[in-house]
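First chain written, first letter: the chains are A, B and C, and each begins at residue 1.
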Amino acid sequence: MKLANRSMVTIDDLSNGEVLALFSLADEMSISMKEQHGLCGGKIMASLFFEPSTRTRLSFEAAMHRLGGSVITASDVGATSLAKGESIADMARVVGSYADIIVIRHPWEGAAKVVADYAGIPVINAGDGGHQHPTQTLCDLFTLKKERGTIKGLKIALWGDLKYGRTTHSLIFALAKFGADILFCPSPGLEVPEHVIDKLITEYGGEVEHYKDSEVEEETLFPLDAVYTTPSSPHQLAMMPDISLHVELKSGVDALYVTRPQKERFTTGEEGKDLKKEYPVVDKKLLRDKAFRQTLVMHPLPRVDELAYDVDADKRSMYFKQAARGVPVRMALLALLLGVKDVKIPEVESPSPIDYHIYNRVSGLRCPNSRCVSIQETETKYLKPEFKIVNYEPLTLRCVYCEHGIEPKFVASADWHEGKLDTKKYHSADSHWVHTIKPENLIVFNTEEEARAHGFKPSHFTGGHR
Amino acid sequence: MKLANRSMVTIDDLSNGEVLALFSLADEMSISMKEQHGLCGGKIMASLFFEPSTRTRLSFEAAMHRLGGSVITASDVGATSLAKGESIADMARVVGSYADIIVIRHPWEGAAKVVADYAGIPVINAGDGGHQHPTQTLCDLFTLKKERGTIKGLKIALWGDLKYGRTTHSLIFALAKFGADILFCPSPGLEVPEHVIDKLITEYGGEVEHYKDSEVEEETLFPLDAVYTTPSSPHQLAMMPDISLHVELKSGVDALYVTRPQKERFTTGEEGKDLKKEYPVVDKKLLRDKAFRQTLVMHPLPRVDELAYDVDADKRSMYFKQAARGVPVRMALLALLLGVKDVKIPEVESPSPIDYHIYNRVSGLRCPNSRCVSIQETETKYLKPEFKIVNYEPLTLRCVYCEHGIEPKFVASADWHEGKLDTKKYHSADSHWVHTIKPENLIVFNTEEEARAHGFKPSHFTGGHR
Amino acid sequence: MKLANRSMVTIDDLSNGEVLALFSLADEMSISMKEQHGLCGGKIMASLFFEPSTRTRLSFEAAMHRLGGSVITASDVGATSLAKGESIADMARVVGSYADIIVIRHPWEGAAKVVADYAGIPVINAGDGGHQHPTQTLCDLFTLKKERGTIKGLKIALWGDLKYGRTTHSLIFALAKFGADILFCPSPGLEVPEHVIDKLITEYGGEVEHYKDSEVEEETLFPLDAVYTTPSSPHQLAMMPDISLHVELKSGVDALYVTRPQKERFTTGEEGKDLKKEYPVVDKKLLRDKAFRQTLVMHPLPRVDELAYDVDADKRSMYFKQAARGVPVRMALLALLLGVKDVKIPEVESPSPIDYHIYNRVSGLRCPNSRCVSIQETETKYLKPEFKIVNYEPLTLRCVYCEHGIEPKFVASADWHEGKLDTKKYHSADSHWVHTIKPENLIVFNTEEEARAHGFKPSHFTGGHR
């Protein structure tokens, strides 16, 4: 399977084997930087940043220049034609006719997928709202792989803002794919979102154990909230009640992945929070604990107060290495997607993508995520809501753009009532009907009003909602 | 005649033959993109955008990179030294000493001419206020030429905001130069400005027929306002009363050129307009009409609501092709002006530029256009108002910068009163004196106060103004 | 001594010989621009501009492109991760791992030094607040050298805003280093800051003579405020009372260096000033004076009103040449610091840097300059205040970042009180103790409160402050 002409919107767009092949190429390139300068002569990368960024943009642009390619940049929202009300699809099509590859950062979740759908050239997601930031994840994995030799079986503690940190969401899925165990250590109120947890369980088959405050209050090194364990190691950690969490932690953590509070995405209520008090800080003192003796300290940067400068000189500190390694990793990715390099993909186990049924009927259902690209005024002119049916109990749809979940309350069938208006009925989504209606005929509604507006009448199975 | 070292400020800066030669080169380059990469090695293009733009800037920059050249960019008004009160001339001279060619977009009309006057290197106008945007016009013409084989004799309907759309103004003159007939279909209140109409008549010798609402009310396909017919086809369209407009239209339109409302240039009164209601929309339904069977649907993009997405997949839709073709067209232009390519200019008919008399006396006359570069505070320190005398009945002067027209009320002579103060008199501009005074001696005034301030007394011929 | 891998933060970072060697290379490069295009292939310059600039940024970027190198740019404060609260040191380390050389402009004084300290690659200061702008100075010196053959012994009048013009401060030191005499002609209220005068006297050994209004009122050509004379020419100018200033001026000035008012750095009180009235203007009329017959008119640009356009065509006008010469000068600097070119350094006299004692104790002392990088919230997390002890009478410390001076009021010793708390005393900084305490033991305080907070008691020598 070739990587040329493909896009990278989420970390799932590369199989485990492809990721490892990319890492080999990145290694090779970092050793012989100068020799790579002829690879992309005459190629153009469009660098479209609709959100502030120095690090990621400059890293991509440096990577393209190291490959000898050219860069065209739009780095300021105000200075773009989007201000004139243009849609993302139009922008993608036009820039797709100028350049050979697009790197896009955008505040709307799912925006990178839209660009990839319309550009006609490979697209790399450099961050779409709180959704994903897959190349940051590649840099993180690359560092783990280089420092530990493997990712499988590592015990990684994720630290800080696990709610809005898109780097964290991409990383969680990637770690799961590679079989690492994850300890969730969020700042209070900034826990991992439900839709991420749901995907972890349904797609990566591991188990998530939540902790009550009381369980971890004493002697705990950090504010543990939940543990995700991969299928191959279910009993290793939290699943065995006779092995206490504290003992487990004391056996050592492979990496502490620290993130800053993503204040720019906080809701009005959250903005007032006194983070200085509640946000856990990683410093020299914390790292003195035996459990951290071999722990890699990682951070996607920029940092604010959550990671003290007194750790910088420590040999366990990986964050500046992570940043530096971004260049060869992105060089490898650009070279592969542009098709100027080819690699042999090693045969390794990789979770197969699940072939969910697609739901795209016009039934009033729209993504509930206010940051989702699919519901923005400029985009609804051409984008139709589209969901994957990822669960039937409870009935759960996942937006194909931002991957947020939605649990509709009512179902109906598009088949049964053909010509027979009196059979045009809707039922509660938690009734048996959800299993009876064929997926290709399923119609869902959020409210009884919606159902009625589409000409349906309540059945005996509309539950407490009737 | 060589193109090297010349500038392109308005579409008139290239003869018809030069435009066609440029199109041949663009064609050649688009076929062998990769081979062009060595052409501009070591050359630098300065990309100076003092107004928001993604499309045009990235298109120029991509073109320069495809030629193997380098680009230096200033794309944000706030981030420039203009904020420190610098004049355009100073900026032009300085950047002219850094780069080999300048591409400039500026909100002031005539700014590109000033840059061209002072930079000392070739300059390309990438849009100066509502004045011109000649490379967009080249892309439009290139598409017409490629799709229809010729431009002469085509019937082009211009649609939407014909008042503020600078792409439209450049296009109108270009179409006239090449002998196409133009149908004006403006949104109410956004008609073609008078100075454009005047130039059409005086310089391209065609005729403009205006329609009253009543004439076109019935059966009309679109809101026709006026028709411009080229000299070679005066009777073809509106000039023959026995050929009704509707019949004519039904014989087919070659292209519908749609533009968005240029809201950023609307005056305070215009901003309140409910454009959603009045602005004509091109969609699948409209295009079903027989008259549009072969019609190319064109748009300079970005679009807002005036062009429906349901037209995108239609084979008549040209707008994404127009955008894509911008790269080879701009490559050809850059290569020619930089002198790295030479072409044979075909001998084709082209309207000769008229050698108008220049008026640049200090007589209080200043351009009435508030967006004109010549009256801006930073520019009056070195720019002297300058006009072409384009008509004597009524006496009409055209600003050499923004090309707006002005009809002064009074005239005097610089010759007659030498030493004889009692002969220092001013006369009404619609008296016979306007023809009696030699152009090189003409002095004009807007008001009697101005005339008196310059020491002139009223003559018997100051008309009703006395 | 090689220039490769060094940084240029202040003009003092290059010896006189190194400056002259750089000028030779710049001369060589300007003659054969095209041949330089292969020098920096594969090298990346990061262009980080945290303040508005067109000229300097584009000049550097053009220089790098002329050398065949690549550029990554962050030119807008708002579009950077600094907005997320990142420190300059973190930014420097990260970008230092992407690029081969950094060019930085920043509003905080001393910021370029911090970048140079942390980046791990060569750094060029392109302006740090009101502190320095050393490459502008190189362009200025280069023009003087080319036009006059030498800098030593030239008489240079500095004109306008000598308080906030960072280009002026760099230039003053550079002229002093090369042995030129300087006439200070400030707009009232915009005189050369004390810390600059102090450095001139203590480090370059010349003398500064101040003039009272009454002395220069009559017959003066311009608003002379002070004269700095270099050691080799103390009697030439102001030091000999029998040679009147006016006679001296009439013997001719080699260059008039004009600067605009740096309004963006004015304090609230200064903003209200009516500069139009008070700010001296250089125009054709002024230059008619005999004293200016051979005078070079220089300006770092952009100009506002202080330099009239009627001078532009005059052959004495150097300002557009200065700007144009910025490209070869910066090319030479980039090539030398990147180590792709080497030059023979001529053996010329150059003032040796003084090896001041460093003061970096935690004693509450912080730089009093509100624009200094060392006191900014994001930077105090890792930066410790650090000063050079540049004088003992009065005791004067100079911030190593912004070079502002501070005269602490009290001193104590870190040695004498070891174990003997009753000897832990502080003394007045103007007492003999300042000479008695060994520099390595010196502790300084701004207030008695600070001294007491650190556990010290007043001695008999706390002067009137007790």
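A few notes on this one:
Note that a residue touches a chain if its C-beta (ideal position, glycine included) is under 8 Å from a C-beta of that chain, and two chains touch if they have at least 3 such contacts.
The structure presented is a predicted model; accordingly, all values stated were derived computationally and were not measured.
Counting the residue numbers that touch the partner chain, chain A and chain C have less than half of them in common. Note on chain B versus chain C: their Cα superposition corresponds to a rotation of 120 degrees, in steps of 5. Here the spacing of chain A and chain C, counted between their Cα centres, is 48 Å.
Within chain A, contacts with two or more other chains are made by residues 73, 76. Residues 41-42, 44, 46, 48, 70, 72-74, 76, 78-86, 90-91, 93-95, 97-99, 381-382 of chain B touch chain C in their complex. Those residues of chain C that touch chain B in the shared complex are 33-34, 37, 49, 52-55, 57-59, 61-62, 65-66, 68, 71, 73, 75-76, 260, 264, 301-305, 308-309, 312, 320, 323-324, 326-327.
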